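When the chains are written out, they are named A, B, C and D in that same order, and each has its own residue count from 1.
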């Protein structure tokens, strides 16, 4: 695809994801962690405006002077912004006005892209990858917010729970491995520098943990025995009175989960999703195994199939050797989140086409589980 | 007006108040204390359905079985309900569906009203007064929620701040007075029984406190001196870093306030609004005076003009002698709130026509101020 | 007793209450509402120093310049003070130093008292009544704090639970009654002015509610049915998962309560204690009755026996007509607490001898129950 | 030293640290993170009783059946325990009783040690290292708790702030290094297994950051510019209104800090202490450098002097390859804390003699700073 085609494709895909929403849904925000669809649509547009058009398009007129305040996500160096938990309160600008904003910026962007300046095309690629990140969030945020509605509406079917193909364990030999992005394709700054790590021998499961296996853990008293849990995980279990993955519920002795396609009976052969790091690690402990590190995962990834779940690793989100923060506001993209978060590898059913790669590092706080987070086991040899 | 005309008039007025809203605004809820417009429209409809149609209209079919859960406000005896702070999350049912719900119930109600059964007409009057209470809340809730939007939208002009007419102090003689509702007109249960109280002599101001007088209090260090404040009021000032009434702001040395008609320069001759009980009492202390009791207010009300502000009294919200809680869920209407709240008397610019009367007892927690709450002074003689 | 004898008696009684404490106990503070014994001993001393010696004793040298900060309770106009929830952190000054402080101030006070100046003797009487209030708190605070210790230590036996004497209902006739303190004896400012109230006819129980009657309420599902409760009371029941009075526990199907003399089997004939206003009101509702107002209680008190429990009334704590706040810091004694609290009448097993009288107004927030709070029923006729 | 001598030495040292405390101080606890001295003395004793005497000493009689509940720190598998923030409420058992408990257990331990059973001596060494960890906490907890007392008492002089010796930067070559404990000496489970890591070339400062250098950061607006901070660090700065290290204060334009020997004027040549991970990382960013990883630190440690400050690294606290959790309750010692914490290397002025070694891994949540935490800089080459 040409860069113009890519641009149109990605921008249109965001709208496509909203095809079944009613106007009311666009402002929906059920917690601080999630954002309303309208905000995702506007923020990704603001990103193009603020980082590409304003500095590079001569005579560019910003669509609305207050949109910088309204749709900045977390760039402290770009000034104040709407409190994260109040994004749902922005009923104005309307959905129509946000669509107009998208059109306005898209037209300006197309004109700028047509100049084919390398530095700008780099930024365009960043903007499109940024938008794809938000496409995934749009889906998972929507699922989380709609789940609060007792009517449990159906919005789309993205194949959340499909059967797992059984596959053998993968063995990794002790030695030096190269980790991190290589080549000229797009990557985020946190995937660099490519560097050497020394790994001990280990085995990694070729198959993700299934809903059925996770139920075994629950039935074996997994949520009642502190010995399997991190201390903070155990506190989370007790304080939140948790007993199962997010969205699971038991009705008349039958386990169900809420999906974007409505509430469904659980498919026990499908890979478990919506567990947090504490749950993933506790499950692994119960099995007498552990989670892989992100380095083991990357070193072994060619030997197993992946892509339906973001997979928790036992690696904290930290900079690679020689990691450099970009100058200016774009420097706030990744580095400042490198504390108290765990790395996930892979991709998920909500990941936009073309957005995943083996060196991609996703990261979340260990207690969160509204993404399609799953479990792959490992063991030292 | 006939009861049919009243019914149509009140029901239409709720819609009229929403005339300038866009679809997005109907779900807006900025705090637990306020509700979204859509919820007000649906809840007042549910009230007719649940308390009148279901028990009295043979063969009545409820519009949607889950609406009882969605639109119950606080009637514990009618089952579970949406958490108060999550009313804004109910993007479904849509605004259109709520309008349909209103039409459906209105038609059924009209058919029931036409039977002219006295007991039912009593309930209809309660339902209409209930809706009028929510009309006032719809206005004040909307103001509060829209204020959170940096765009500060304009929605309507209800004449929030008009000049005060100066009037002399009213003197009340010591003796026995009759308090509470009398006659056959509609009143809430908390206005009964009419009973005798013994009052000492006092004077009550004929005029409400103006914005200019309140500014004098601010300029005299009113918010910096604990001696004027209740202990809890002082804690509120300190914890919230408060220095002025709600909605006030200073821009370039000029005081302004947010109104439903947008941000405006303050009119110093108009009656102050949006102060809480702590602020009202502190102002009175600073003046060397006090707030009237609700009994003094009612005994003297014929001698002064009122109706633009709800006026804080120094009376706690408590039952009158012989107060009886109605049997069934309607018994939850008033009695269970009779602790930790202060009484306000009068009415406000947001009160629907025909909804105010001298024995009306409004009540709020002392720290709240999103209603059009004002100050009238009194002094013992 | 002469004023000198009274002074010695009250001051010694505070120490007598601590006779079984070990040094460690003197700093014990289990919540913001309660204070450590050492703090009570020091604060009551500081009261004499700050309000009597400093202004009236020429050449008086304050014992320690920082004690004003350390032992001020809530007098905002006297400067900053230790945060209320950090009183237990003041391990220095030591218990010995506080005892020395008491001796130092006592000697100075005795010398000042011997001058027999009327204005000062007035203040001394206030100081002694103030100390007696703290003696009651010292007992109830100690009980609450020690209850947190799994060893459940025994400290003293004050006869917390003695049998009730059955007595007939008292009838009150409709009419005007005089309420408030009369005569030249000591009273607090909140008992003035004596004034007329108009009361409707009612009946008041001659007997307090017993533990056995309260158990009936519990067994009848009192804590499971919202219909009996204030809305805030019901929220308290649910949020705190409450099912019985404070200190009650069930061991092997046997109900017990913690007392200052250790854990004991419940005496079902003794008056219930440690219920809050919500519980008292819910119990009364369940009985189809109500709590008396403080005016009804005072008007009828000669006809029933009282003194073992502080009795909740359905009156909010508000000023009497003509109530005046004293000038200076002593003006902070009572008036600033007149919001969001309910009045209790009577006295309790923890009240110091000579400290109770029929016009005494005690007051607490409706959710609190660490005092010996009980229930007396009333009903309108 | 023989194991008997070591036992006596370590046990006595705990008491020596309390030499200037008064009885009241022994129960002092100013926050959930810190524990009272009495608790440290009892808990370290309980550790010997529970993990060594109970399973290994035939006929051993536990001193008091409830001490397991009172003095268990966090071993979930050993049953319930006192809430961490309520340790200061345990005024009983008294200090004297805890001293008796120590004597009782010490005598039993000496008799058991004299049998010279290898497995038991292993456990004794663990118990002594455990007690030394608590000796450091006892000092830092005491400092934190006493700081809340406006009298700012002096307790001991441990040389908190001595001048730094300037030393050159240390260069580390790219390649494979061995990390983790080696040999037969004592180490904790988290220092194993010894394993290979691949490191890129870097330089590590031979000198710790001084108070003076840290002041430069403050004066350069370090606490006002988000660009230097992790996102969570910036939120911490804003929410807590932080502007300097813990214990620092400015009086009459002069910077001071609270020490265990009272408040003192800051020594600008001494190494900064009491900064958290966010502050350490922000300082490094401001310098255009970074913190070392724990692996770089360990690989280079022979080339620089260390021991007065715990030094923040940019490594998250995670298991080494092949890390194994011990069976039983001792398995809760370290592994369950391996999430959301950062590693510190070195030792501090509060570390007991003989307790530090180069492979020692200390760890704390990134926002904490009541330990003597300092900063050593690194840079990639």
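As a working rule, a contact is a pair of C-beta atoms (placed from the backbone, for glycine too) under 8 Å apart; a residue touches a chain by one contact, two chains touch by 3 or more.
All figures in this text were calculated on a predicted structure; none of them were measured in a lab.
Counting only chains that touch, the fewest steps needed to get from chain A to chain D is 1. Comparing the residue numbers each copy contributes, chain C and chain D share more than half of them at their mutual interface. In this assembly, the C-alpha centroid of chain C lies 45 Å from the C-alpha centroid of chain D.
Remark: chain B and chain D have CA centroids separated by 57 Å (rounded to whole angstrom). For this pair, chain B with chain C, the centres built from the Cα atoms lie 36 Å apart.
Within chain D, contacts with two or more other chains are made by no residue at all. Contacting chain pairs in the structure are A-B, A-D, B-C, C-D.
Listing the residues of chain B that touch chain C in their complex gives 74, 76-77, 176, 195-200, 226-227, 229-234, 277-278, 281, 290, 314-316, 318-319, 321-322, 331-332, 336-340, 342, 366, 380. Chain B meets chain A in the complex at residues 22-28, 30, 38, 66, 69-70, 82, 86, 88-95, 145-146, 148-151, 153.
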